[in-house]
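Below is one structure; the comments refer to it alone.
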Amino acid sequence: MNKTAIDIELATYLLRLADDNMVIGQRLGEYLTRAPELEEDLAVGNLALDHIGVAQHLYEYAAEAEGKGRSADDLAMLRSEREYSNCLLVEQPNGDFANVMARQFFFDAYQLVLWGALAASHNPRLGGIASQAEKEARYHLRHSSGWVIKLGDGTAESHQRMQQGIDALWRFTAEPFEIDELEAELAMDCVATDASALRDDWETTVDRVLGEATLRRPEDPYQASGGRSGIHTEHLGHMLAEMQWMQRSYPGLEW
Amino acid sequence: MKDHAGEARFEATIDADDKVEPRDWMPDGYRKTLIRQIAQHAHSEVIGMQPEANWITRAPTLIRKAILIAKVQDEAGHGLYLYSAAETLGTSRNELVRLLHTGKQKYSSIFNYPTLTWADIGVIGWLVDGAAIVNQIALQRTSYGPYARAMVKICKEESFHARQGYSILLALSRGSQEQRAMLQDAVNRWWWPSLMMFGPHDGESTHTEQSMAWKIKRVTNDELRQMYVNQTVPQGHYLGVTFPDPELTFDEATNHWVIGEIDWEEFWAVIRGDGRMNRERVGHKVRVWDENEWVREAATAHAAKEEARLAASA
Amino acid sequence: MSYEVPLAPGEQVADIERTSDDHGWPLWEVFVRPKRGLNHTHAGSLHAPDAEAAIQNARDGYTRRAEGVSIWVIPSKEIHASDDAAAMFDPFTDKPYRHPTFYEIPDEVGQL
């Protein structure tokens, strides 16, 4: 099938959004049965299902857009670590509960502004996915920001661990708001959005929550990047090896 | 102090097949038996999350991954309903968790077996949830109100679990030679343990008589086991698997599938704590609980701070 | 069934500390309105450190299958229950005239 350059661009963009959600969904799947209480295992399950659900919708759309006969599962399970285009934040390992919530909080605040903007996309299918995802992101943010505050303003130990989580993940928070030529073009057509314009709102939310949590905004100016072009941290390879094991070991079968 | 009126009401309630509710008078033995049984049922759901969660990260497709997460989440939810029911009898969840962690309360032995392949996940849904459903349907008529209501709620959700498992196995049975071998291997390992889920023979089950008199238990171990075997064997044949029981035969006279004798040594060994995964299952639970004490404490501390702030500003 | 998990030889049933004091997160009762027009009904209970968490947990724990449009949570200790003993409720059965079936209404009168 003859696909236009715009279709390929769209597929590439959709894959970034899909990979973000796939990777954080996978990390949350790892965390099930490790949460601090039964009710939190339920909450983690809910988060994981929401992210994997969005990833599935986006992979399906990306597969259609690129028109190479690949399925959503092919995109998730058979692309290599150099092909995966998620941002570095989501591939960071779980660690303790404070770290899981720090990662979730930073990502939820980003997803909320991102899906909010994409809900107005001129691409109705993407807009539809975004509208639903925005509702979920809003709920997720209530949950994760709630925990950042509880742990930041809880006990001395929880405060220290929460600060550690914030500090450790801060250097992955600029990348989601970077845009390249591809995204800029799609944004000009009002299909994608200019993520760099969303950073201020994200910061407002983050500052408000960190303040309420009595946490310090990290000062290290260093920011890591490269996920969108497949230059990941060393964590992603291990994660994909586990995730893709069945499809790689038993190629071409039905499950 | 003996409450004769209360005792009479209790007996009348049981005789009439009515429900006993939390604030009713009840014999001490009834209360103790129920706390133990409901708590162990709750522990079973929670521990049961582990063997399945073991395959979440490696589920072969997105939909299988999502369905498995939903199932594990349901199990957490079932634990929640059951702990709630147990708490109505005058205990706390933390107390019950303490008893699980110190080995003084148990959970269904089936979860002390390892999930070695993807086929195990399908077989658990088919056999283990299948067996649980047979038991839970009977328990919907248990005499204690909160337990019965929890059973009704759980039964509604449980049939999704059995179907999820069987659908995995249908795919394997229609697949490659390796997939079919994986399926047969999993059945070979899980069949006998699933039969052991129903407990000792009626004759050897010391609590059955009293439990039946109180209508906590409505159907005996052997009766439930037979129901399970009758419904499950044809399902296995449909999948093209053979059961690892050379004595399995159909008895025309009774219309029952008759099984060979269960290895009771293995049964008691696992109950005693020497099953393959006993130490790992409880160990994981205890470690996660202890490692997260600081989180629970922080949440409580924060809530207290909020209350103090509210009171101060009032 | 296996939830009864027979005692291994030599094992004793552990004594429960009869306690409703949790040393942890308080217990909350959850009420869910399944859809508009209906009352909230009791769905079960859960543990949470505060009301906001209780509501979120209730949503995840009791409405996963879209069973509700509205959730109430209340600390269990705030619930005051009647004494269910017969003394409180039995007398009601000797005032049968409160029930519609007590009266014989001729069929010709129609819907009453």
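When the chains are written out, they are named A, B and C in that same order, and each has its own residue count from 1.
Simple rule for what comes next: a residue touches a chain if its C-beta (ideal position, glycine included) is under 8 Å from a C-beta of that chain, and two chains touch if they have at least 3 such contacts.
As the structure is a computational prediction, the values presented were derived from the model and not from experiment.
**Q** Hey, how would you classify the chain contact layout here, line, ring, star, complete or other?
**A** If you draw each chain as a dot and join those that touch, every dot ends up joined to every other.
**Q** Pick the pair with more C-beta contacts: A-C or B-C?
**A** Higher contact count goes to B-C.
**Q** Just curious, how far off is chain B from chain A if you go by their C-alpha centres, in Å?
**A** 35
**Q** In angstrom, rounded to a whole number, how far apart do the mean CA points of chain A and chain C lie?
**A** About 39 Å separates the centre of chain A from that of chain C.
**Q** CA centre of chain B versus CA centre of chain C: separation in Å?
**A** Computed from C-alpha means, the inter-chain centre distance equals 23 Å.
**Q** Would you please write down the residue numbers of chain B that are in contact with two or more other chains?
**A** 73, 77, 80, 296, 299, 302
**Q** Which residue numbers or ranges of chain C touch two or more of the other chains?
**A** 25, 46-47, 49, 53, 61, 64
**Q** Can you list every residue of chain A that touches 2 or more other chains, as numbers and ranges?
**A** Correct list: 37-39, 42, 45-46, 150.
**Q** Would you tell me which residues of chain A are touching chain C in their complex?
**A** Going by the criterion above, the answer is residues 37-39, 42-43, 45-46, 142-143, 146, 150.
**Q** Can you tell me which positions in chain C touch chain A when the two form their complex?
**A** Chain C reaches chain A through residues 25, 46-49, 52-53, 56-57, 60-61, 64.
**Q** Per the contact definition, I'd like the list of chain B residues that touch chain A in the complex.
**A** Contacts found on chain B: 46, 49-50, 53, 56-66, 69-70, 72-73, 76-77, 79-80, 83, 118, 168, 171-172, 174-176, 178-179, 284, 288, 291-292, 294-299, 301-302, 305.
**Q** For the complex, give me every residue of chain A touching chain B.
**A** 26, 29-30, 32-39, 41-42, 45-46, 48-49, 52-53, 55-56, 59, 72-73, 76-77, 96-98, 149-151, 153-155, 157-158, 161, 242-243, 245-247, 250, 253-255
**Q** Using the touch definition from the top, list the residues of chain C that touch chain B in their complex.
**A** Within the complex, chain C touches chain B at residues 1-6, 8-9, 13-14, 16-25, 27, 44-47, 49-50, 53, 61-62, 64-65, 81, 83-86.
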